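Per-chain numbering from 1; labels A, B and C assigned in written order.
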Amino acid sequence: MNPPVILSARLVVDRPAFRLDIDLQAGAGEVVALLGPNGAGKTTALRALAGLIALSDGQITLDGRLLHTLPPENRPIGVVFQDYLLFPHLSALDNVAFGPRCQGASKAEARRAAAELLARVGLAERASAKPRQLSGGQAQRVALARALAVRPRLLLLDEPLAALDAHTRLETRSRLRRHLADFDGATILVTHDPLEAMVLADRLVVIENGAVVQQGSPAEIARRPRTDYVARLVGLNLYRGAAEGTRVKVGELLMHTAEPIDGPAFVAFSPAAVALYRSRPDGSPRNLWQGAIEGVERHGDNVRVHLRGPLPVVADVTPAAVAELDLSPGRQVWASVKAAETHAYPA
Amino acid sequence: MSGRLPRPLVVPAVLGLVFLVLPLAGLLIRAPWSTLPARLAEPQVLQALRLSLVTATVATAICLLLGVPLAWLLARTAFPGRRLLRALVTVPLVLPPVVGGVALLLVLGRRGLVGSWLDQTFGVTLPFTTAGVVIAEAFVAMPFLVISVEGALRGADRRFEEAAATLGASRWTVFRRVTLPLITPGVLAGAVLCWARALGEFGATITFAGNFPGTTQTMPLAVYLALETEPEAAVVLSLVLLAVSVIILASLRERWVGGA
Amino acid sequence: MSRRLLRWALALPVLLALVPGCGAGEPGAASTASAPAAGGNAQKLTVFAAASLTGAFTELGKTFKDAHPGVTVEFNFGSSATLAQQIVQGAPADVFAAASPATMKTVTDAALAGAPATFARNKLQIAVPAGNPAEVGELEDLADAKVKVALCAAQVPCGAAAVKALEAAGLKVTPVTLEQDVKATLTKVELGEVDAALVYATDVIASGGKVTGIDFPEADQAINDYPIAALTGAPAGSTARQFVDLVLSARGKDVLTRAGFQVP
C-alpha cells in the first residue's frame, strides 16, 4: 500500500570538516521528515534538492527525470524557507503570483491563480498586504501558497514552523497538515522538532553528522529508537548491549526483558516505567541498580530525575514521591524497572 | 534616549559640520544681494544652469544604465582579476579631473583611439559638443554610483534571490524583479551622489568638451570664468547652482521617503 | 585600511594647523619661518607670476639665487587673475608679475603694490597642430566654418587679446571652445582637437615643437603688456626690489627674449 516512489536521491555534499551522504526516497503524496540535531546536514540536504548547492556526488531523480543537472529555476520544486523570505516589496498576492509569472503566465492569469491559492490558505482578504504587515502565521501561509503556486512535484519545507510562537504554531501546524494531505507530489520537511515531524510526516528520516541513522514510520521510531539522540527525542531510555534470550548484558549490568532476542540489541523503556527507592526494595524486582541523583527538573505534571551510575537513566516520578523520598542531587537511590515494561530489539 | 550623548562623537561631529557649512556661510555673507536679481536675469546664467541640469541628469541616466550592471558584476561574480577591475573602477575618483579630460581626449578625441574611428566612420566628433559634456561628467561620476550600488548588492540578503530562483525565475528575472527592488535605496543614494558630482564637474568637462556658451558651458565653467574678472558674479553663480541642487535633492528625497 | 585612512583624515587639520604658512592669515609668517638660517641674511623670496612666465622666471630665479647666496626663491605660477585675488586676500607674496595690466590693477588698486613696470610684451600667433591639417595660412582662414578654432575665454588675457586682434582684422570667428587659459587652449591644438588657436608666441615656443606658430599682422594691435611690481609690505623687503631689477636688466631681457617675449 506504499505510494509509488517519485523522488529518489543520493545526496553527497563535501564540505571542509563535513560530509553529507544520504539516500532519500519519497512517494507521491508522501511527507518525509528529515529530523536531526543542529548541524546534522538537514538544511544542506534540502538546499541540494532545491539546486541551491551543487552535489559533490550522487544524483536526484524526480518522476523519472534527472533533477540534479538542472538549475534551481528549472526544477519542478516549491520551497518554503525557514523565515519564509517573502519578497518585501511585493504584496502577498504578487508574492504568490511570482512563480506563475516566471513560468510564463500572463499577469492576470498569475494573479487569478494566486488569489485562488491565497483563498485556499484562508488569506483572501490579506492579498494586498505587504509581508511586513502580515503576522508570522499569515506569512507562513503566504509562503506555502507561493511554493504551491508553481505546481511543484517536490515540496521542500525548511523548519516551516520554527519562526512561530507556541500558540500560532499549533494552529498553523494543523493547517499545514491539511494542505500537505491535499498535495499530490512528494514533500520533504526539515525539522529539529520531533513532535512536528511526528504530526506532519508519514515517514521520518533521522540524520546525524551527515548520515542517516534511522528511518521509518513515526510509530516505529518512537518505539524503537536506535541512537541516543532519537531516544532523547522520543523520550525513552535507550541502551545497547548483547542479548541472550530474555537477558541483555548492558555494560556490567544484566537487564531482563520480556521479548527473547539474541545478539546485539537495544533495550528501551520509558522514564515513567522507572521506580525509585530510598533503600533496597523488598521482593527484589529483576532489574535493579543503584545510582546517584544528578539533577531534578519539572516535566509536565511530573518530576524528571536524572541518575548517574552503572546505568545512567531518566525517571519520571510524581511530586509527592519527590518529597517523600527526599530526592536531592547527590543522594544515592535504587532504581528498578519491570521486565514487562522494557522493549528489546535487534541493534 | 535619555542617555547622555557620547562626547567623543559629538565634538568631532559638530566640528565636521562647521567645517562643511562654514564655506557656504562665507558665500552667503559675501554674496552681492543687491545686484543678485539683475545677474540672475542674464540669459547666459539661465543657459548655463539649464545645460548643467540637463547634462548632469543625462550623465546620471547613463551611469545607471552602465554602472548598475557593472556593480552587479563586481559584487556577484567571481572571475580572475576582479579585484584589479574593482580598483580600476575607482580610477576616475583618484585621477585629477583635468587628467581625466585629457585621457578622454586621447581616446575619444578627434585623433583619439576610438574617436578617430568615430570621426571617419560616422562623422561624429565628441569634443566641444554637449554629448562630450555628458561623457566627461559620466566618466567622473560613475564610480560614485558603482561603489554605492556594489555596497548595496553586497549588503542585500541573497536568500531572496535563491527563493526567486526556486520559483522559476531566470537570473535576469531575479535581478529585475527581486534584486533591483531590494537595493533600490542604495541605487538611489548612488544616483544622487552621481548626479551631484556630475553637476559640479569642472576639470574633465572643460578639458574634454571645452567651453562654449549654450553647448558646453555648464555652471561650474561659468563660475570659473567669472572668477577671472568678476568674483562677485562667481559667488552669485555658485549660490544659484547650490540652491537649485539643494532644492532638487530635497524634493526628490521627500518623494522617495514619502513613497517608501 | 579604511580605518587607517580615517585616522589620517582626522589628523590632517591638526597637521595643517602646525605647518607654518598654511594658516595664510599672517603675511609675516613666511619670513619669520625662514629667518634662522645661517649668515643672518638668509631669506625667502616669494614670486607670484603668470603661468606663461614659468620657463623664463625659473631660469631667472636660478640666476638670482647665484647672485644672492642664502636667498631661496619660491615661485607660484598661475592664472594672473587668480594670483591677484590671492594677493588681495593676503597671500604672503613679495613680487607679482602679471600677464595683463588689468590684473595688476587689482593689486595696485588695493594699494598693495607701487607703480608697476612693463618688462615684457607678448604677441599672439596662430598655433596649428603638426602637419597643419586644415592648411591654415593667415588669420582670415580662421573664419572658415570648416576650421575648428579654439580661443581663450574673453575673461582671461589671451582671450581679450584675441578679441582685439580679430576686431582689428574685421573678422568674425566662431570658435568651438573658449578655454579657461592659454595652456588649455594650446593643449587642444597639441592633441589635434582643433585646427587652429590664437595663443601667445611664448606658448608656441614652450610647446617644444608640438605646434607650429604662424605670425599675422593684426597681432600688433593686441600686444599684451606684462607688468611687474614689488609688493608693499613684502616680507622679503628690499630683496623683492632686487629681483624686479634683475627682470628689467639686460640679463632679464635676454632670458625673456629667448622665451619668445618682446622686451621694451
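Please note the rule applied: a contact is a pair of C-beta atoms (placed from the backbone, for glycine too) under 8 Å apart; a residue touches a chain by one contact, two chains touch by 3 or more.
Listed by chain with UniProt protein names: A = ABC-type quaternary amine transporter; C = Molybdate-binding protein.
Only a predicted model underlies this, so the values are computations on that prediction, with no experimental measurement involved.
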(request) Using mean Cα positions as chain centres, tell me which chain lies farthest from chain B. (result) A
(request) Name the chain with the Cα centroid closest to the overall protein Cα centroid. (result) B
(message) I'd like the Å distance between the centres of chain A and chain C (Molybdate-binding protein), where a centre is the mean of that chain's Cα atoms.
(response) 84
(request) Starting from the mean Cα coordinates of chain B and chain C (Molybdate-binding protein), work out the distance between those two points in Å. (result) 33
(request) Take the average of all CA coordinates in chain A, do the same for chain B, and state the distance between these two points in whole angstrom. (result) 55
(message) Taking the touch rule as given, give the residues of chain A at its contact with chain B in the complex, in rising order.
(response) 50-52, 71-75, 77-79, 81, 85, 87-90, 98-99, 102-103, 146-147, 149-150, 156
(message) Could you list, by residue number, the parts of chain B that touch chain A in their complex?
(response) 157, 159-160, 162-170, 173, 177-178, 181-182, 184
(message) Applying the document's contact rule, which stretches of chain C (Molybdate-binding protein) touch chain B when the two form their complex?
(response) 10, 13, 79, 81-82, 85, 148, 150, 153, 155-156, 175-180, 184, 187-188, 191-193
(message) Can you tell me which positions in chain B touch chain C (Molybdate-binding protein) when the two form their complex?
(response) 12, 19, 102, 105-106, 109-111, 127-128, 206-207, 209-213, 216-217, 221, 224-229, 231
